[in-house]
Amino acid sequence: MTKKILVINPNSNPAVTEGFSDAVAPLRLAGGPLIDCITLEEGPWGIESQEDADRVVLPLRDLMMARTDADAFVIACYSDPGIEICRRAVPKPVFGIQESGVFAALQRGQRFGVIALGPKSIERHLPYIQRLGIESRLAAERPLNLSVEESESENAFPRVLEVARELAEKDFADTLVLGCAGMARHRQKLENAVGLPVTDPTQAAVSQALGTVLLA
Amino acid sequence: MTKKILVINPNSNPAVTEGFSDAVAPLRLAGGPLIDCITLEEGPWGIESQEDADRVVLPLRDLMMARTDADAFVIACYSDPGIEICRRAVPKPVFGIQESGVFAALQRGQRFGVIALGPKSIERHLPYIQRLGIESRLAAERPLNLSVEESESENAFPRVLEVARELAEKDFADTLVLGCAGMARHRQKLENAVGLPVTDPTQAAVSQALGTVLLA
Amino acid sequence: MTKKILVINPNSNPAVTEGFSDAVAPLRLAGGPLIDCITLEEGPWGIESQEDADRVVLPLRDLMMARTDADAFVIACYSDPGIEICRRAVPKPVFGIQESGVFAALQRGQRFGVIALGPKSIERHLPYIQRLGIESRLAAERPLNLSVEESESENAFPRVLEVARELAEKDFADTLVLGCAGMARHRQKLENAVGLPVTDPTQAAVSQALGTVLLA
Amino acid sequence: MTKKILVINPNSNPAVTEGFSDAVAPLRLAGGPLIDCITLEEGPWGIESQEDADRVVLPLRDLMMARTDADAFVIACYSDPGIEICRRAVPKPVFGIQESGVFAALQRGQRFGVIALGPKSIERHLPYIQRLGIESRLAAERPLNLSVEESESENAFPRVLEVARELAEKDFADTLVLGCAGMARHRQKLENAVGLPVTDPTQAAVSQALGTVLLA
Amino acid sequence: MTKKILVINPNSNPAVTEGFSDAVAPLRLAGGPLIDCITLEEGPWGIESQEDADRVVLPLRDLMMARTDADAFVIACYSDPGIEICRRAVPKPVFGIQESGVFAALQRGQRFGVIALGPKSIERHLPYIQRLGIESRLAAERPLNLSVEESESENAFPRVLEVARELAEKDFADTLVLGCAGMARHRQKLENAVGLPVTDPTQAAVSQALGTVLLA
Amino acid sequence: MTKKILVINPNSNPAVTEGFSDAVAPLRLAGGPLIDCITLEEGPWGIESQEDADRVVLPLRDLMMARTDADAFVIACYSDPGIEICRRAVPKPVFGIQESGVFAALQRGQRFGVIALGPKSIERHLPYIQRLGIESRLAAERPLNLSVEESESENAFPRVLEVARELAEKDFADTLVLGCAGMARHRQKLENAVGLPVTDPTQAAVSQALGTVLLA
């Protein structure tokens, strides 16, 4: 029977879900697992604060517990909200896009830089990186000072590139992570422009799920 | 054009290459990249010492430089010999099975344990883990005290399970890595028996390459 | 108006609550805040697994949000379940007994040792210590291999002392933490017998709350 | 018999002693221990260099050894001069205000920021934080570029607030420590203005001593 | 028989070799070992990229293997190219100037600052420091933004001093390392001007070799 | 004028002083600095506790301040008693044998093991290694369970070798340090027997002083 990866957008904005569903399209292969991107209906319109993130933990967990048809789960919000509670609640592998993103980036360079939306995001990310135990390999996080919507637009590219160059030149990053679920469209272009590997976290997490599911 | 992942066995024993070619078979999908497992002719019969590992670095690099047809490379020896030099020598992504293995395992638990062949292997792995910057998440490495050949055999399973249980019970590991390229056959069975996620490093690295190549 | 510290036992066993209510009695002073020890009705009879711990997070948070009469909260379970979510949910200080216990112990010595109930507890504590960022100061955790009830009994003292001595002599700990909410009765006696400072975590957290409330 | 906490100002300026005696007044409770703040006569007028700090170590130790009437000691200088030598010299608990201050702050947030007097102070604090083993949780120290006297004045508040905001906004600190013994008057006001928990180190250390003495 | 320390300049510019041969002249003592500074003929004119560094690894190793007359080796390029492979290839001690330089500096202060040529150098140094396991003691690296040749000239001194002062005042370094093989001429003068110990890495490595050879 | 290195034995046992004076004899060269080994008269007969170590700090400092004829100092006790206070008290370089010993060992291998006298020594060493910031590179310390005198005797060699082998085989150390000032006589023999580099700490510190003095 065809296996299934369930990628859950913890906010309730379906445009975001569609965005990353497109971004992971190349991972949908004949004979491979379904990659189903869904929107958490109980989620807020956008996850902008820790409070927003906390509020989706239980709905996420309940959704995973209900979806026994899934073979792996991806939490598609860069805060990885509820990742540990979900991992303990279901017997299937659960991936978080921040965790998968930074581990993928660390396989392409020595010191990773993160392009974050703004200071509030960085504030949430830094303790998580310390908890992952990899702070010695973080070059820096730098803020775009853009909203989620702005960051997804083609128009944001010059600013994304500017921040990427600062991470490379001032913080000595040699591998970059896009620090939000909706910036995949900039990945390839940024990689070409800045000359460093760039990781989109949702793509990274779904790749990780893909391999895990194929090998189970 | 079909993309290609080149998985290189740095020792010259073709039986080892065949072994992991089988192990990664589930990652070969219609429409997906070729996963080509080859044997480094210049390699020693087995990589048992640091000297053996050092000796394959340049042949590996030269092979990668020559194989411009490949879209990603995997070094299929748990020492990850030459990984940095190779990364700098070719513009394509290069993955090492130890690095991919431990990062994959860290996405399935908090503290990873490694089932190594013997003390000599552990001696080589520990400084590498310190260099990866993740020593705070290592529970322990424990030796099987078996040769490569012995570790690959079905008969080794009871010993593998014994060591896995020690890692779980004495070192408080909650996620395990098979610390050699040839133990994939034990993975699923061990996972079932010990009740913890078990990562095969070659499978993990080829999965990582698969995702990267599909998304490039 | 008299201030109030609410000490919450996340399990539903009132004997445990009474036990630590007695243990913190010396912190109840004329003119000082009330120290109110209560039992979480929704809690399991004992918190013995991570699942048990996860299950009390939301009831704990809801209780704190409801108790606007409290000036500080203490989560009196050594796992510190839900500490971050609770901290973000209420504007009052929230203390966890593991966190307060180890920080208090680190003010009495260089390397702390923890006397844990059993391997399952240690498995939960170690990642938390890594997250607190103080793993370089942990000497070791060692298990009593006793149940919560057994550990609280006077009869457990010889075993507690035995483990304390191992922590001192084999792991070079010079300051000790009792790794469960119910072992306060052994504190002073153990300190005298082993000759090292011994910290009871509930006492430590309530002390921390006491100072914070008095100074607010 | 009433217990006694001896808080020692290692400099010989009695105004400083009076200042923090006032700051810890809320910790003096009916039935609780005496909190006696004294001035080290042999101390320099102000501790401004490492040399000043070194010079008070032995007088501090001798004073503690002589004061057998005390049940706990607090060294009320943010350098924690002589803390280890004193700890080994007397059987009573000895607290240092830097150590207590940062551990208290770490119970109110994930990443602590320190408001220091000037670069020379930071130079002394940073190695100490590395020694405490908690550098992974330091957001940053930033200098006021004020003298001790200036920092204590009401007039300093706008500058203190400015630095606090930089720690929050540029360094992503979510919990703050006042990095000198004489800034307690700014604590509550700063907490209100900046919206983050602010710890006064002398208050933190005396609180720690209070709990310890009550429970002994 | 007189012992011999072989100091190898991995680039092929003999002026560089002469420069550091002069710098280590005070270490040549009657009755002490010869200190022979040689130029690697196969080396590039200057080692300016990681690729340049990688290319000299095997020639360095082969040279060491051939020079059985030497009692110790020093790799006189701040990247320490090939240090581990060389160490495993020959039974004699092998020293790298970066490693010896930073360890010597750490014996003169708490937090070391490195005066690097430019951003590209810093990019190579930082991962190495992480690997040495001493990143908690690095204050910072700052770039001169000068070429190797420029950095060696007397005229560079004002710029070297400027960067040294930034490391002291902004990054709180209390011990400095000259981050390239050719800046020894500035060492004493800089030490006097900035008032902090300054370590020349080639001198440090040859000193280390001197002691080792004398004691063998 | 001939320069002078003053090596101070902080205990008052002249036999110990003679012992290491012999051990550093190969570092006395024609034209090189005098290496003067002296005994601290105020020291205890042996430094066996932290209290013993603390008590010599001021006499050591005063001796250094008085000896303006010296160009560098070595504190020849593996606890490095008073190293920081001495460093701040005199303008000349001050070396400690533990610090120099472990940094020298780290230039000969990846993970260092320490052969200590007994558990009490290890208890003092471990926090110091954490403070040096190099705990990620410590394989282990293991006790001889011998007194200072016993450890110096030729008869101790079999026990020293046994512990060295445990450090190599069980803890995966690849470079060893003799953890006391008086074991130099075992160094070369142990290196031959165990096949790993062995560092004598007094020799290491005096070497470091030698280079520093020659280059000043």
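We call the chains A, B, C, D, E and F, going by the order they appear; numbering starts again at 1 in every chain.
Here is the rule we go by: a contact is a pair of C-beta atoms (placed from the backbone, for glycine too) under 8 Å apart; a residue touches a chain by one contact, two chains touch by 3 or more.
In UniProt terms, the chains line up like this: A, B, C, D, E, F = Asp/Glu racemase.
For clarity, every value in this text was computed on a predicted model and none was experimentally measured.
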Common touching chains of chain F (Asp/Glu racemase) and chain B (Asp/Glu racemase): C, E
Hop across touching chains from chain C (Asp/Glu racemase) and tell me the fewest hops that reach chain E (Asp/Glu racemase). 2
Going by C-alpha centroids, which chain is farthest from chain B (Asp/Glu racemase)? Tell me that one. D
In steps of 5 degrees, what rotation angle do you get fitting chain E (Asp/Glu racemase) onto chain F (Asp/Glu racemase) on the CA atoms? 180
Could you give the separation in Å between the centres of chain C (Asp/Glu racemase) and chain F (Asp/Glu racemase), each centre being the mean of its C-alpha atoms? 42
Note: chain F (Asp/Glu racemase) sits from chain A (Asp/Glu racemase) at a C-alpha centroid distance in Å of 51
Which parts of chain F (Asp/Glu racemase), given as residue numbers and ranges, touch two or more other chains? 130, 133, 136-137
According to the definition already given, which pairs of chains are in contact? A-B, A-C, A-D, A-E, B-C, B-E, B-F, C-D, C-F, D-E, D-F, E-F
List the residues on chain D (Asp/Glu racemase) that touch chain E (Asp/Glu racemase) in their complex, please. 119, 122-123, 126-127, 130, 135
Chain E (Asp/Glu racemase) partner, complex, touching residues on chain B (Asp/Glu racemase) are 50-51, 54, 57-58, 85, 88-89, 130-131, 133
Okay, in this complex, where on chain D (Asp/Glu racemase) does chain A (Asp/Glu racemase) touch? 110-111, 136-137, 169, 172, 174
Contacts from chain B (Asp/Glu racemase) onto chain A (Asp/Glu racemase) in the complex sit at residues 26-27, 29-32, 93, 95, 99-100, 103-104, 106-108, 132-134, 136-137, 187-188, 197, 200, 203-204, 206-208, 210-212, 214-216
